[in-house]
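Each in structure tokens, the structures are laid out below.
Across the two complexes that follow, chain A remains constant while its partner is chain B and subsequently chain C.
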Partner chain A sequence: MSNGLKLVLFLAEILTLGSAVLVALHPNVLYASVALLFAFLGVAVMFVYAGADFIAGAQVIVYVGGVTILILFAIMLTQWLYKLNLREIPGKILLPILVVGVAVVPALYKVIRELTAFIEKAPPTDLEKFSSLPKTSVIGQALLTNYVLPFEAITILLLGALVGAVWLARPTK
Partner chain B sequence: MNILNWATGLHGYLFVGAAMFVLGLIGILSRKNAIGILLGIELILNAAGINFVAFSKYRTASIDGQMVALFIILIAAAEAAVALAIILRLYRLRETIDAAEANLMRN
Partner chain C sequence: MNSANFANSLQGWVGIGPIWVWALVSALAVIFLLALPFGGFATYVERKIAADMQDRVGPNRVGPYGILQFIADAVKMLGKEDFIPLGCDKFLYNLAPVLVVMGACAAFAALPLSKLLMGADLNIGIFFLLSSTTLIAPGILLGSWSTANKWSLLGGLRAAAQIVSYEIPVALSILPVILISGTLQIGRMVELQGWSWAAEGANSGHFWNAFHNPFTFVAMILLFIGGLAETNRIPFDLPESESELVSGFNTEFSGMRFGLYALAEFADVFVMCAMVVALYLGGWQLPFINLENLWVTLPSGLIAIIQLSMFLGKTFFLVFVVMWLRWTLPRLRVDQLMGLCWKGLVPLALINIVGTAAWMWIFKGQSIAQLVYKMAAR
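Presenting the complex of A and B:
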């Protein structure tokens, strides 16, 4: 991979992390959800670089085009824009940062150290070939052979979730 | 160039995934707004997807991790639809989406 391509991936990672910081910490939920859109876009670029072209497309269509718009709709339907109760109380953020920093971050650090050391001892041989291969037909065949049971289960889950969402959001009498 | 090589390999993917997970957790814990909590959950699900896709390439060089990432995306979409329906319902009933105010079943 050339240095220019690496720089693009690096910038996408920076975009993802910066947007994720805004999502977690911005006091206004409307701005946080717009930042979430850019975080999803950065993750889609990362997927492309990991050889997951189909997943990147699904990420853009489902997350950027679907979930973010749905969340924006919910914000507009439930709250007045820029009203005071849209904002969170400042100063409440310190305790969660402390708890997560003490309890979660060291564990994650140790896991990543050991996992990367383990994987770099025996990397897969056909890595370049895997990255450049188009994945759509492979995924389609896998969905109807090895993954047919999860595929059918997820169709029922989606049907149930959509019917349930419509039923929950029905107008009150 | 050293940082560039580090960030574009397995380390970079795992670092971004872990950082997104931590930020999502902080978002969930620090917000009282139900939609804000949902934003944190979406961040965490996406972090899991990043990890699966990265291991799919760097550990096995096969399609299996990508299939799991695909199912994660589908489940997250279903979850967002149901969660937002519940939030709209709560808003109609109580005129608020503050998660601390949702105490209909407390007594």
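Presenting the complex of A and C:
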């Protein structure tokens, strides 16, 4: 990788981490969600660097175009939410938040450990070669052969969610 | 990646310099030589067409036929007072137009202008086009909220709801083309829409996708309608509807910020029309003529120019149709808008996908043109 490309990756990392810190610490929930948008964009750039172009596109479509819009919608349609100062949250909610946060750390640690071990084991030439291959067809074939059961299970879950949404939104008689 | 892109060819011609410098240069070239001039020029064309349809003269003072009007407009907008309304959210107010322009300009990188003239022929080409234009919706929503104006907010909420729902029929109407060409790469998709007389099977030129089978023709019309709604054009201009919401999400924007919104809208219209052309109307292909396979060999520069004018000609025709519709159709109501999307476009798009899949299976991926040619040859 040339120095210029490394610089872009570095900027993307700063964008992601900085926005993530803002998401966690900014008192205004609207600003936090805008920061979340930029964190998602930064992650998409990192996916491109990892050679996962399809995942990068999906990241932008699903998270920037879908999830962020829904969050913004919810904030703007709820009158008190965007005036809420997150620092005013009472202390008794803070304890469960802390417990969950601490509980996630070992899981994250394990995932990172295994991933780095996997990458260190793989020969570097393989990684170089793999990162420039078109991945879309590989993903499609994997989804419809090896992973067809989880794939179908997810479609049923999504169908259930759709039916549930329609049921919730229908006019009451 | 074995794809044509500006940065690599620039580096190839000049011979020196790191690739990222050339990437930067080509990105700037795409924005300043393509996206922004088109966006500006389209504002002039729109007014001229409106004038023609309403039996008026239209802009005719600046330059011959008023053709330099858009440059005068840009100068006027830059010279205006930088007015920020009281009580608005300054940070978001400044950020929103930038997000919208970013989304519209990024899409230009993946447009197939000709076989060799293409920002980047990405592996995920069409997916990239879809994903880069999704930045427009948050831009409009945040901009409308930041101005603390209730009409703006209503317009912004309408825009976001409309864009999110019409993304579904748009994506579903792209799928038949992916089924036919078996790739997401736009360059390859356009190449497959060429025509060679001895063509057989799915993996050779099969003429334009719009005429591949009856379902794709319907899918093209659905894609065009969905694109109209995604770019907030009449008859889907509810976010801006001036009779109810003053000017909708851009009411409080003045000067160049308003100019950026207008520019991004027209750039987005161009991208949408170019997408329809590239996917369904053969992109840079000439009908029934294969430029690289003629009885005389043409210089590659001439081929590139012919292909470029072919692509731009088709795209500008569709842009004209978009402007024509603006002065022809009345605006939809909100309930009609949602009804059209969920009860009309989405089921039809699903039928198209199943129909195209069935056609591919029954006729082994051959298009109508190929079948007719085969019958005639027999």
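A few remarks follow.
Following the convention adopted for this analysis, the second predicted complex is superposed on the first by the 119 of 173 C-alpha atoms of A that agree within 3 Å, B and C clash if a C-alpha of one lies under 4 Å from a C-alpha of the other, contacts with A are read in each partner's own complex, and residues count from 1 in each chain.
Here is the rule we go by: a contact is a pair of C-beta atoms (placed from the backbone, for glycine too) under 8 Å apart; a residue touches a chain by one contact, two chains touch by 3 or more.
What you see is a predicted model; the values in this text were computed from it and never measured.
Of the two partner chains placed by superposition, only chain B is touched by A:L115; chain C is not.
Applying the stated contact rule after C-alpha superposition, one finds that A:P96 touches chain B and leaves chain C untouched. Of the two partner chains placed by the overlay, only chain C lies in contact with A:L37; chain B stays clear of it.
Contacts of A:G57 after superposition on the shared chain: chain C is touched, whereas chain B is not. Set against each other, chain B and chain C touch different numbers of residues in chain A, with B touching more. Of the two partner chains, chain C is the only one touched by A:G65; chain B is not. Look at A:V148: by the touch rule set out above, it reaches neither chain B nor chain C. When the shared chain is aligned, chain C comes close enough to touch A:T136, but chain B does not.
Shared-chain residue A:V163: touches no atom of chain B or chain C. On chain A, the surface patch touched by chain B in one complex and by chain C in the other comprises residues 3, 7, 54, 58, 66, 73, 77, 135. Residue ranges of chain C in contact with chain A, taken from their complex: 1, 18-21, 91-92, 95, 122-124, 127-128, 130-132, 134-135, 137-138, 141-142, 145, 153, 156-157, 160-161, 164, 167, 184. By the touch criterion stated above, chain A contacts chain C in their complex at residues 2-5, 7-8, 30-31, 34, 37, 53-54, 56-58, 60-61, 64-66, 68-69, 72-73, 76-77, 132, 134-136.
By the touch criterion stated above, chain B contacts chain A in their complex at residues 1, 4-5, 7-8, 10-16, 18-27, 29-33, 35-36, 38-40, 42-43, 46, 49-50, 53-63, 66-67, 69-71, 73-82, 84-89, 91-93, 96-98.
By the touch rule above, chain A contacts chain B in their complex via residues 1, 3, 6-7, 9-10, 13, 16-17, 20-21, 23-25, 29, 32-33, 36, 39-40, 43, 46-47, 49-52, 54-55, 58-59, 62-63, 66-67, 70-71, 73-75, 77-79, 85-86, 88-89, 92-93, 95-97, 99-100, 104-105, 108-109, 112, 115-116, 119-120, 123-127, 129-131, 135, 138-139, 142-143, 147, 150, 154, 157-158, 161-162, 164-166, 168-169, 172.
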